[in-house]
Structure formats: structure tokens, C-alpha cells
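Listed next: structures, encoded as C-alpha cells.
One chain, chain A, appears in both complexes that follow, with chain B as partner in the first and chain C in the second.
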Partner chain A sequence: MSAAVGTRRTQERANPEAGLKHRLLGKNPLGLLFSAPYLVFVLAVFAAPVVYAVWIAFHDFFFAAPGADVSYPFVGFANFVYAFSNAQVVQSFGNVGVFLLINVPLTVVLSLLLASALNKVLHARVFLRVSFYLPYITASVALVGVWLFLFGGDGLVNNLLGPLAPNPSWLVNQGLAMPVIAVYVTWKQLGFYILLYLAALQNVPKDLYEQASTDGANAVRQFFSVTVPGVRPATLLVLLVSTVTGANLFTEPYLLTGGGPNGSSNTPVYLMYQLGVEQGLPDVASAIGLVLVVAVLVIAYLQNRFAGGRNE
Partner chain B sequence: MPRTARGRRIAAVAVAAVTALALSACGGSRAGSPSLTSKGPITIWYSNNEQEVTWGKQMVKAWNADHPDQTVTAQEIPAGKTSEAVISAAITAGNAPCLVLNTAPFAVGQFEKQGGLVDLSRFPDGDSYIEGRSGAVADQYRSAVDGDFYQLPWKSNPVVIFLNEKLLAKAGVDPTDPSLGTYSGFLAAARKIVESGAAKVAIQPAPTNEFFQMNNDFFPLYAAASGGKQLIEDGRATFDDATGRQVADLWRTLYEEGLSSPEQYQGDAFADGYSAMAIVGPWAVSYYKDVDWAAIPVPTPDGMPVDDIHTFSDAKNIGMYTACQHKGTAWDLLKFATSEQQDAQFLDITGQMPIRPDLASTYQDYFSKHPEYGLFGSLATRTVEVPSGPNTVQEMQTFRNAWTSSVIFGNGSPADALASAAKTIDTLEAQP
Partner chain C sequence: MTRPLVQEGAAAVGSEASARQAPAAPRPRARRRSKGTATLRGVVLGIGAVAFLFPFYYMVVGSLQRTPDQTLSGLVPDPGNLTLENFAAVNSRISLLTGLLNSGLFTGGVLLCTVVFGVLVGYALAVLEWRGRGATFALVLLVQVIPFQLLQIPLYVLIARDYGLADNLLGMILPFAINSTAVIVFRQYFLQVPREMFEAARIDGAREVRLLWSVAIPLVRPAMVTALLLTFIGPWNEFLWPFLITKQADKQPLAVSLANYISAVASSTANPFGAVTAGALVLAVPVIVLFIVFQRYFVSSDIGSGVKG
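Coming up: the complex of A and B.
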């Protein structure tokens, strides 16, 4: 590798113009052309709002009419202090932590188990795969309606449980509201993660299972010694995606519990909506958003560090 | 530092700079015409409520017939999570219409702060027209910042209690019993309703945490019990007093004894017979056609003559927006739409109450033909509105958080919750 670099540097020294072009446009300049539309999309839709949000978070900002005589003075960390002096904001981060603690492990375990089972099923394979995928592609609003009827005070679940039904009922119980949401989201998203694992399972060499079987490993042993290590990159992806989507939880608490009872299912993103859109405090909402982004990045780094393994 | 890393950093700074430039260009100056006299075609938005659309169409048709050079294009407020979010976005984008005939008073302070609303008091006949049409009630719609009118008080939906006569009869409660107007009588009736099994709960306002839900439980009863006090007076919260605590205790008892449920009912509790009473406005007259109902004013601690009772207005007003290029036409249309004749049409078509001090006498014929609206007509002159400052929504959310925690879910004492909410609201009131 060092020889190749040395050769390229020698060429660059010989022809500095070609070297600059190479450094700016890379080996295949045409590639830039093909990736340009997506790059523009990412810059316009993701990067620009993030940069703008950072600016907003450090200023006394509100949305104003064009030409309105307003100023947005720099306020340092005042918006962060204001946000995190509010007990509800701190509580919302705790709530989403509870959500992730339930949702992420449950998602990884269930989707891997179900994908492994589906991979072995011969009969009704398509039907079963579609069945698991269906909740994922169905609008949350429709599914939430069903869950409200299931978990309402007079809902099916309580009727089945009879005297064992919790009091207060699921969605108005401070200890149960967030776990119910976590289970709901796990169930709804499971089809997508099963699909990821199914794809990963196709890449696990069959020989490994045969060798393990020859060595006397039973099905459980094969699962832990062959399947789990074999789908490790997919597990990392599932961990990352479920953490990122979970940290951005909004629709489900908004529709199922309204963030209640008593703020126990409120999430940072739901609060950002309330503060930024309803209460006219986009600067405080941006500050919360930035802290959330940093928190998710830290978690993602840790997941990558400890669950990612090495790709060599 | 490795060359590539430095290159990446330079590229990142460049991207940020370009983005910032692009964004500042987006926010460039494009103010609406400063003139208040300019005439020409304009656009207006109205509510998507079926009856209001019917009224709006006839109003615009009548205007356009007489003003071919100042035609009005009308449409329903575009769909969004809330009308206020849509209007706020339109203000920021600079494409708000000239008039929105569904501007919520709680949002007016924010819109004003955004520079989105035209100061109607700046029209030569602005104050005189508004005060002439709405009387003393108009005062509570003045800006908390400069005392001017940034909204025209248009129509109210005075809040009352609807009773399901069949369910009350089943529970052995007489809907005409005057003791229903007191807290003790109201609680006694509520207990009878639930104990008899006539309905699952006595009354079921939404127990959810949205800031505006206070208008469906606390505020109407506080307005009545306090003799028409506003939530904030002279920059301080008023509700942390004996009256506020009485109202909170009543609702706490209702939730504690299972006479109201802390769980949101999926459907219409009153129409489905899940509750025997409901807190509603005049819209309910046409909405609950299949229910045998009676209407009474909201209860007060010891009862009060009906003619002295105040209630929450649930008003929607008209705002003129700064993006409007022809404010002269917008002002003329605003006066046309709120003229005595158009108000008569509005009352007739929608059953909502134009904010006029002489409502009952001006539209005597209507109220004689529609006695079911009589109580609303009487209350319309004694309505109380939410505050009009820039932090109103934040203040209402503060109150609602305290309320749901203590009154609905029983965490801590309602008195402490009211005191804590009042303290926070006082701080918010002091902020610009």
C-alpha cells in the first residue's frame, strides 16, 4: 500500500495540475456526477437544517414574518439552561431511556429469533413474512386506534385479565404507559428488522452449520455459535436504526397517551413540538434537539464500539 | 493535522457558510405593503366547519358582486396539525392571506410578536368600529403589549353544561332542579348518575394534556365562580385564590370518586351515553340532534342567578395579516363581514354568537324562533377570554401540566399545584 501511495505522490509531483484534479475529484470523477443529486438532497434536507438548528439554539430566536423588525441576539447556552431547568424536559429524556431499554433489546432478540425461524419455514413462508411486515407498512394512526381499543380501560386486554387488570389502566398508568408504547413500537417495526436479518442470514455459509452439526452442536448451540456471529453486522445495523428511530419517538406517544399520564410518556421530540411549534420557542426546542443528537451519537458510538466487532 | 482532515474541515466550514448565506437570503426583507388604504384583490381563509363554509361562500359572493375590482378569493384554512401552526408557518413564509376568519385568541399574542398581524387600531376608524360593534367585551381582546387591537372580536361559543335528559331521569335527577347549579348539587347529581348505572361517568371533559383543554374544565367554572375574572390580570395570575381552589377541589372530587375518568374516551362520550353531562358550546345544538338534551349554565360554588353567570367565550376572531398587499380592501371586507346583516346570516347559518353587546335584542326574531339558543345568547354578553400576551400558550401549558398532575391524576394537592403554576405564569408574564 505504501508503495502505491509513493507512486501516486511521485506522479503528482511530476504533474501538479493532474495531482490537484485527482485530489479534488478522486479516481473516478464521473462518480461525483452520479452521487451529486443525493449529495445535494442530503445537504439541503439534512445538513442545512442541522446547521440552522445549531445557530438557532444559541440565539434568542423565534419565527417572524419576512421584513419584521426583530433581532436575534446571541445568548450562549441560555436556551440549554432554560430547557434543562424544566423538570419535564429532564423527565422526557428519562422516559425515552426507558423506551430504548425495552424497545432495542426486544427488537434485536425478537427479530433475530423470528427471522431465523422464518428462514427455516417451508410452508406458508410468503404469508408469514408478509404478516410480520404488514404492521410496518400500515399507518401508525390506524394501528394506534386498534391499540387504544385493546389497552383502554374497557379494552379487550383488561376484559381478558379481569381482576388482574392494572389499576389505573395501561395507558393512564404512570408506570405502564411507556412500556406499552415500547411494546407497540417493537411490534410495529419488527417486520422491517426481520427483513434485515433475513437478508443477513442468506450470507451465513451453510457449511458452518454442517460442520457444527458434525461436531455435535444442537440447534441452540448452532444458533449461538453460528447464526449470532454470522449476522453480527446486521445486529449492529438493527441496534443503530432502532436506537435512532426510538430516540426520535413522537407519533406513538402523541396519539396513544398525549405524553401522559403526568408526563410519564412524554419524549424529547414531543416536547420539541410543543415548545417549538405550539409555544413559539424554537430556540429552546433546538437546544433540546441538539442535546438529543449528541446523546444518540454517543450511544451509537458505544454500540459500534462494543457490538460492532471488526470487519477484517 | 493530516491534509485530508484539514481539507474536510475546510469543506465543512464552506458548506456551513453557503448554507447560512442561503438561509439569510431566504429571510430577506419582503414585507407586506405598509399602506392601510391600498385596494385590490385579496385572499382570505375561513374555518373548514361546514356551516361556516356555507356562510363564508355567501358572504364572499355578496362582496364580489359589488366590488368587481376588489375581488375576494376564499379558501378553507389548509390542513395541518392545528390551524394555528398553519397560520404561524404562513406568517414566517410571508404568504399568509389578508384575513383569517378563524384566528384563535390564544395565538394572537404570538402572531403579534412574529410581526404577522396588522394593528387594526391604526385604521382611522379601527378602535371605534371594534368597540362600537362589540362593546365593553372588546377590551379583553386588546394586546397585552401595547393595548391595541390585533384581532377583531368576531364570534363566541359560550360554554354551558348539556344534560342527557333520559339518563338523568334514569338516575332520578331532575334536570330543572336549581341545585344542579351549585357544587354540592352538581356532585350529588353526578354520584346518583354513576351509582344508578345510568352512565359510566357523570361528565367527561378531555383529560389529556393539551394546553387548550383547560378551557373545557377549569376555565369556564372559574370564570363563573369568580364573577368574570380573567386568568391573568395586571401581569399576575389570578387563579391561585379561594375560588380557584374551590373549582380545583370540585374536579378533583369528580376524578377521585370515578365520576369523571382520567382516561380519554374513544368516541363521543355524551353522544354514546358514556357520560350523562358534557361541557359544550352552541355548536352542540345541531351536533347532538339524536340526544334529548337540556342546557344549564356551568355550576358555581353556591349557585348564582343565570343573568349573573359568566363563562368561557371559546371565541374565534378575525386577524389581518401583514403579508396582505391590499389592506384597505381587507379592512372594508372585515367590516362588511361583521356588519349587522352579515352577523344575522352568520347566526342563522352557524348558530354561533356574533360578539355584540345587544345580541339578544338585535336578533330578537332569531332567538324567538330558536329558543334552544336562548341561554347561549344570554351568556354571550358575559364571556371571558384567555390572556392575549405573547406567552399565553406557554402559560396555559404550565397550568395544564399542574392540573393534570394534581387534579386528574391525584399527585399532590391541587392548592399547591395552582400556587406553583401561578408562580411560573407570573414569571412568564414578565418575559417579552
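Coming up: the complex of A and C.
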């Protein structure tokens, strides 16, 4: 590769046409070569599948034997109608709504609180940071294994609560299954958001705190009038990322509750797996995916609009 | 597939720098109040640390119990109830070693691709001037917005059905081969290297590939470690995609085989609590050890030293 580059270079110097090449490809055409693998990858693994996803959703698509000559007729919105006339699908979107209503505010409040405490602490910084990040870096499958028993019928939490334990127990209780999953995901992901906030806190001007302190504002006042507005861009990012993560929910309901009881913790992505892969209806699954993505984009737009502020 | 993993590195680099500054001495007037605040802060952080660490402790305790004890007294390890049998119990149904090996191969492949291709694009975007650079960077940002829900079905159709890459390492790696967040991080790191260093090397006659290999990469090596570590946890912990694409037990990464064990097998074993926590521990420990050993790379970057020296 480098030899070819060398020859090109010498040619450029000797050849007056090299000016044209520069104008066409830029000063270092090698940049395009360096980027080629990435561009090919994006085309193959992102661009093509996105287009394919939309195409599948509007056609009567099914799995055929490799090499079989089959046609997939255009069916308009039939897949969408089929999907959303299924009560389970509608329920799964509602479940994600419940999840987000618990998970997102909890995430924002706890991560900002812990990040600002961590930011000021002098002792045991490394220990605290490591312990806060551990759940985030550990596989959800491994942690779910523990939570499964913690919140099981005769698990530690119920043993601790004694007569106060919910009946039916957490994970088999229609009203509690999704909230437990929401709390689990909050706990699991919090370290990442703490990191985001820690970085953002460094950008809050120190003299704002001094000013507030001179004006007689106590720590709580300072937190609300200096810290909270100061980290607003990070808050927006936390809102967006946690919403997208929540909409992608699959592993936790799959392992903790199996989507139950009575579909009360089923999620769209879990249904996409059940319908698309297990039941051979990839077209219906794709339609659900499309609706889910549009819903997430709408929520993200609203968050950006109302939490992002005007001069961001 | 984009995950916001690598941003962490960049974010953390910033956080440590100013966190090192000691806070100003409290004014006498505020001293008593700030003492109360400090206590409150300590309590909040302490509760946080316990909440974060407890399930890990419980994982270890549970994996060592001969007969499961999920009562409060089970929290304190009972010397008469300790055993390593749980590890053997999981291992008899899912091969932990095969699982670890598959996880390692999957993660290694993703890391290799992420670094090789990511560094090339990152360098091209930060240092080289070429037509299409702006458009490529816009693409890198755009790709971040595409959620996996949308890609899940078409990727499954394409990779598992059309390309026949189900139960295949390549099929498992492919969607993760390039991490756009890593590209952004690499670009950011290369941007921090003063342009003069590249110009000087070019005048000395170094070619672009050599320049990248022997000037640019050594300068950003600490940052590279951060990016590597953060990319590592993605595929190692990934569940949905390898779960979709591998049905053969001997091809599954540990996260997938353990999940199958939890959902299908565990309930029929003598001590499901012990067996599941033992498997969980095997899956969790490699990442935790790496994280603790390289902990400082999560919070600091020595990029300054290479440039100044």
C-alpha cells in the first residue's frame, strides 16, 4: 500500500495533472482509502438493513429456503394493521411506557445526585467510583441471575420484608413485574450516567458557586440554582440515552419474567423476537420495529424541545 | 450497532483533570454547615456503594453455598456450607470453558476490527484532507442515531438466512465490527496531537501509513487502552444479537449459554441458586478484573506527556 502511495506522490510532483487530482480528491486522497472499510461497513450493516427493514414491513415477507424463487407481494399497511390489532403488541408499548416513566426520572435524579456527591468527596474516590461502575460493566445476564433470586418468591427481599412481602411475589405480580425491571435497569446503568454527569460537572464555572455562596445560598440552593442548570446539556443526553436504552429492552424481561405475568412485562423488542424469529413473521416484527423507532424519535424530539433549552 | 460505551473514556478524561484540584478551604461562617453537608454526602455515597456492591457480594456468597440459604442468615458465609460443587453443576450442563472461549473470540474479533478500522477512519477524519471528509463525519454521527430495534430483523434475515452465517463467528462479529462511537473517540484523540508533529514527519519523508503507525498511534496509546477497555465490555456482555444468531450450544458465547441455562435448565437442578450465581460469577469476573486492573485508564489520559516530551 505504501509503495503505491509513494509512486503517486512522485507522479504528482512531476505531473501537472496532479493539480486536477488534488481538486477532485483533496490534498490527501489516501483519506478515502483509509475510510473505505468503514464506509463499506456502514453501507452493508446500517444503510442496507434500514432500507430492507422498511421494505420488509410493507411486503408479505417470510423465510424461504435459500435459493428458492419466491415473490413477496406489496401489502401496504397490512402488517401494521395486523400487528396493532393484536392486544399483546399494544400492551407491550404500554409496558415500555410504564418502564420509561419509572426508569428515566429515577435515572436522572439518582445519577445527578451521586455524581455531584462523588465530585466533592475527598476520601475513597477510587473505591466509590469502581463500585458505582461495576454494575454497568458487568453482563446483564450475570446480574439478572442474582436479581432473579433476590426478588424470587422465597428470596432475600421477601425474607427481609417478612409479612410485608407482596403477594403474588415481585416477578410474578402483574403490577410489580415491570417496576422491578425498571428499578433493575436503573441500577444497572446508573454508573454510565454518573460518568456523564461527572464530566459535565467539571464544566460548571466554579465562580458561580462562589457567587451563590456569597449571596448566602446554602448547598441545596446551590445545587438547584447552579448545578442543575449548569449540567443541562448532560441531562438532555441522559434523557435521550436512557429513553433509547429503555425502548430496546429485551434481556431483562426475557430472563426475569419471560414477559409475564399475562404479558405485563412484555416489550416490543421481545415481541419482535417472538413474532419475527420464533413464529416466522419477520414482516410483522419489522412493522413493530418501525413504529417503535418512530415513537422513540418523537419522544427524543420532545425531550430535545423541552429539556434542551433554546440556545444549545 | 452503536453503544455509547466509548464516550465514557472521553468523558472520564475530562472529569479527573479538575477533580484533582482540592476544594478551597471553607470559610469559617460556612464551616459548620458544610460539615453537615459532608456527612450527608458521605451517607448518600455510602448507601450508593452498598447498593451497587451488594448483588456482587451475594453472587459470590450464593455460588459457594452447598444448600441454598436465602434467608438473612445466609448472608454470612457458613463454613460448614461451603462448596465449589455449584461450578461443577453448571459446567456439567453448559461448558463454561467453551462459553468463555467463544466470548473471547467474539470479543477479540470485535476489538480487532474496531481498532484497526476505527483508527484508520479516525486518523483520516482528523489529520488528512480529502474530498468527502465532511460527509463521512456526518455519516459517523448519523449512524449513532440508528437504533438496533430497526436493524434486528433485517440483519437477522440477511446474516442468518441470506448469508448463512448463523452459528458462525463472523456472523456474530459483523454487526459490531465497527463502532462509530470509537471512531469519534479516535478522531478526537488524533485532533489533540499538534499538527506540527505530522508536518515535521512528512518533511522527514515519512509516508502516511508509517506516519500513522509510528508517530500517531504511539502518541495516543493511553487513549487507545481506554477505548479498547470500553469496547471490550460491549461484545463480552452482549446478549440479544448472539442469542438470535447462535442456536448451536458449542458456538454460543457464555452470556447466551448462561441465559439458556437460567431460563431452561436451572429449575431442574438441586441448587439452582448456587448454580446460576456460579455461572454468573464466571461470566462477570473477567470483565471486573480487567476493569479493576486498568481502572486508572477509565479516568486519566497521558496524552499530554507524549506531546510535551
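Here is the rule we go by: the second predicted complex is superposed on the first by the 267 of 312 C-alpha atoms of A that agree within 3 Å, B and C clash if a C-alpha of one lies under 4 Å from a C-alpha of the other, contacts with A are read in each partner's own complex, and residues count from 1 in each chain.
FYI, a residue touches a chain if its C-beta (ideal position, glycine included) is under 8 Å from a C-beta of that chain, and two chains touch if they have at least 3 such contacts.
Model, not experiment: these values are computed from the prediction.
A.B. asks: Here chain A is shared; do chain B and chain C fit on it together or clash?
C.D. replies: clash
A.B. asks: Of the two partner chains, chain B (first) and chain C (second), which one does A:F151 touch, if any: first, second, both, or neither?
C.D. replies: neither
A.B. asks: After superposition on the shared chain, which partner residues are touched by A:Y52: those of chain B (first), chain C (second), both, or neither?
C.D. replies: Both partners, chain B and chain C.
A.B. asks: With both complexes overlaid on chain A, does A:F99 touch chain B (first), chain C (second), both or neither?
C.D. replies: The answer is neither, since A:F99 touches no partner chain.
A.B. asks: Given the touch rule stated above, what does A:G258 touch, chain B (first), chain C (second), both, or neither?
C.D. replies: Both partners, chain B and chain C.
A.B. asks: In the overlay, answer first, second, both or neither for which of chain B and chain C A:P135 touches.
C.D. replies: So A:P135 only meets chain C here.
A.B. asks: Between chain B and chain C, point out the one touching more chain A residues.
C.D. replies: C
A.B. asks: Is A:A285 contacted by the first partner chain B, the second partner chain C, both or neither?
C.D. replies: The answer is second: A:A285 touches chain C but not chain B.
A.B. asks: In the superposed arrangement, does A:Q274 touch chain B (first), chain C (second), both or neither?
C.D. replies: first
A.B. asks: In the superposed arrangement, which partner chain does A:F34 touch: chain B (first), chain C (second), both, or neither?
C.D. replies: Touch partner of A:F34: chain C, not chain B.
A.B. asks: Contacts for A:F62 in the overlay, against chain B (first) and chain C (second): which applies, first, second, both or neither?
C.D. replies: After superposition on chain A, A:F62 lies in contact with chain B alone.
A.B. asks: After superposing on chain A, which stretch of chain B overlaps chain C: 78-86, 168-176, 222-230 or 348-356?
C.D. replies: 78-86
A.B. asks: Can you pull the chain A residues that chain B and chain C both touch?
C.D. replies: Of chain A, residues 48, 52, 63, 66, 145, 148-149, 152, 258, 277 contact chain B in one complex and chain C in the other.
A.B. asks: Please output the residues of chain A touching chain C within their complex, sorted ascending.
C.D. replies: For chain A paired with chain C, touching residues are 1-2, 5-6, 24-32, 34-35, 37-39, 41-42, 45-46, 48-50, 52-53, 56, 61, 63, 66, 113-114, 117-122, 125-135, 137-150, 152, 154-156, 159-160, 187, 190-192, 195-196, 198-199, 201-203, 213, 218-219, 241, 244, 247-248, 250-251, 254-255, 258, 268-269, 272-273, 276-277, 282, 285-286, 289-290, 292-293, 296.
A.B. asks: Within their complex, state which residues of chain B touch chain A.
C.D. replies: Residues 7, 15-16, 19-20, 22-23, 27-32, 81-82, 84-85, 88-89, 91-94, 96, 110, 113-116, 208-211, 261-264, 266, 322-323, 390-391, 393-394, 397, 401, 404-405, 408-409, 411.
A.B. asks: Could you pull out which chain C residues touch chain A in their complex?
C.D. replies: 4, 7-8, 10-12, 14-15, 17-19, 22-23, 27, 30, 33-34, 37, 41-42, 44-45, 48-49, 51-53, 55-56, 58-59, 62, 70-72, 74-75, 117-118, 120-121, 123-125, 128-133, 136, 139-140, 143, 146-158, 161-162, 164, 174-175, 177-178, 183, 207-210, 233, 236-237, 239-240, 244, 255-256, 258-259, 262-263, 273, 276-277, 279-281, 283-284, 287-288, 291-292, 295, 298-299
A.B. asks: Residue numbers of chain A touching chain B in their complex, please.
C.D. replies: Residues in contact with chain B: 23, 43, 47-48, 51-52, 55, 62-70, 88, 145, 148-149, 152-153, 168-169, 171-172, 174, 258-263, 274, 277-281.
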